[in-house]
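Chains here go by letter, A, B and C, matching the order in which they are written, and residues are numbered from 1 within each.
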Amino acid sequence: MFNVKVKSEILKSIIEVTSPLVNEVKLNIKPDALTLRAVDPAHVAMVDLHVDKKAFEEYKAEEIELGVDIDKLGGIMRLSTSGDIVTLEHNEETNQLVVKIGNLVRRMALIDTAGMPDPKMPNLDLPAKIVIKASELSRGVRASEAVSDHLALQANKDNFELSAEGDTDTVNLKLPKDLLLELKAPSKCKSLFSIDYFSNMIKSVRGEEPITIKLGTDNPARVEFNIAEKNGYVHYLLAPRIESE
Amino acid sequence: MFNVKVKSEILKSIIEVTSPLVNEVKLNIKPDALTLRAVDPAHVAMVDLHVDKKAFEEYKAEEIELGVDIDKLGGIMRLSTSGDIVTLEHNEETNQLVVKIGNLVRRMALIDTAGMPDPKMPNLDLPAKIVIKASELSRGVRASEAVSDHLALQANKDNFELSAEGDTDTVNLKLPKDLLLELKAPSKCKSLFSIDYFSNMIKSVRGEEPITIKLGTDNPARVEFNIAEKNGYVHYLLAPRIESE
Amino acid sequence: MFNVKVKSEILKSIIEVTSPLVNEVKLNIKPDALTLRAVDPAHVAMVDLHVDKKAFEEYKAEEIELGVDIDKLGGIMRLSTSGDIVTLEHNEETNQLVVKIGNLVRRMALIDTAGMPDPKMPNLDLPAKIVIKASELSRGVRASEAVSDHLALQANKDNFELSAEGDTDTVNLKLPKDLLLELKAPSKCKSLFSIDYFSNMIKSVRGEEPITIKLGTDNPARVEFNIAEKNGYVHYLLAPRIESE
């Protein structure tokens, strides 16, 4: 059983953080939370999402897996406006997800979850932790897009630094500890990442909201932030790129 | 003679309801009203528009037919902003329509009306009448576009229902009498329509404005609403599509 | 040496008036002003820009020429928002322009100015002077785009007139002296210009701002307006087109 009511903007935020990585996803419904974990087709990034039942206006669910076309659900949600309460209901007979927005009833077929993997979140030792305002990080990433395909993130006990090098142009964003919300880096860490993926991961976080980055050296990064009015979170894992020189 | 002054937004609304069906139209100017009637090139839909002289700031006209390129007139009106008073004047010598916006004088050639038909509005017995808020109807139509090319409208004495069926997905908007502005349906009626045409017909009606639908079984529908601050109306007639099964 | 701080919107306005004519430009830095002069690749128009050091929050400069990719600088400025103070600095060792927006440091390569010309502003005797509100002029130009590729500007002691003639349609904007901010035309003047160029020249001037036009007969026009909170100006020179009949 899955029968919930949720604010339109919360459901939209779940879609927004998932859709840059995958088109189809397996929702793991549990009695106390909705979760999903998925890896993008190129196996470069993983999304791990958890939304507590408290994020919902009403939440009645037993354990079940629902295969959802995320882009299609995003299209349906464009029919709703901020403030709408949306009902999601699993029709077990037809294996459809029934979406109710006001008086409108939209039934969408679910996807067979048989072939969908259950990716494991690797246990990584990432020594550095940076908490930064979304707007600050976003400006660095957007600047980097103009000069390169990849950016370097590095941290030491005093600074966090984002940089990108093109043939003739460079981008550098160096933030001392007091301009960050938090910085812990016992040793110097540096890893290189695809700007495209990194940009997609943070684009849904608005202005002053905090983003947490966990970093090692030539290691994946974890990018974490809250969604659903702090009743949920997204953790992304992003594989590093190897420095060419 | 045709020499009128009209609020920019009223002239824009006349263009907006006509241009989805035809590019060129014959305006039938009368001493007390501006009217037009046109059928789209595929002969699926008819528009019948009537704007009373009261809708105009000034209105001096004798009976005349003016062939107008509606898209070109729409382009000219984009030079005006809400609140502008626009002057339209027929120059009989050059057979041009003279459009004055502020100090700007824009002369556009009129089209020969000789080949333009005078479609007759068929006399149809459509037993059901539904009056519905534009926003409610619009949401149903937009949802339907994602699953099919055609939608079904049906009414009985208790409900009005809009539905669309795709291969795997469906849309259903069922409104009991008390959620409608008006419902009269002596018997059960049902007809199928092209979503594309239907969507175009209602797209200019904003939020809470009422739309009237007159419906039969496997019969055309009439879609009616007011324009020009209730000093005018549009009636569309839309041919049904035949149910394939 | 070149090391200045400037409001984001002032730097953006310098880019906005230059980029329609050229992609790469030589900035002539002087101790008391930033200037540039450039001719478009088709040699139809010249831009002559002067921004006083008073337009800057801080201004430290010795005489130097900097070859700048204007489109790239425009892209960088999109990272800033209105109210940001941007630092521009010439790094003489690397020959880069260093742009600082908040904590972000963006280094862009400068272009070799060796091949870049120093166009001379011809000394023209243009008898007519018209000062007109940007919005009024802009509406005339936009209307003209729909009917022709070129427009005529003419002035006499009583009126300024903008007109365009298509095969079947025309545009005419005739303004008597009292609807202009200023009009001086000792004799009748008339010249024809490319709408495309003319439109580009005035598009950055907002609503009620004044634009000065200096006009002769079959002669170039000068189009002049202030930028940088009246601490700078742009003068365009636009070659006439020859009337075909």
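The definition used in the following text is that contacts are C-beta pairs under 8 Å (C-beta built on N, C-alpha and C of every residue); 3 or more make two chains touch, one makes a residue touch a chain.
Because the structure is a prediction, the values reported are computed rather than measured.
K.L.:
In graph terms, with chains as vertices and touches as edges, which category applies: line, ring, star, complete, or other?
P.N.:
Shape of the chain contacts: complete, all pairs touching.
K.L.:
So subunit A and subunit B: same face meeting same face, with over half the numbers shared, or different?
P.N.:
Different, since most residue numbers here occur in only one copy.
K.L.:
Could you please state the distance in Å, as a whole number, between where the Cα atoms of subunit A are centred and where those of subunit B are centred?
P.N.:
45
K.L.:
Enumerate the residues of subunit C that touch no fewer than two other chains.
P.N.:
There are none in subunit C.
K.L.:
For the complex, which residues does subunit A have touching subunit B?
P.N.:
72, 75-76, 79, 96, 101-109
K.L.:
Over in the complex, which subunit C residues touch subunit B? Could you list them?
P.N.:
136, 139-140, 142-143, 146, 168-175, 179
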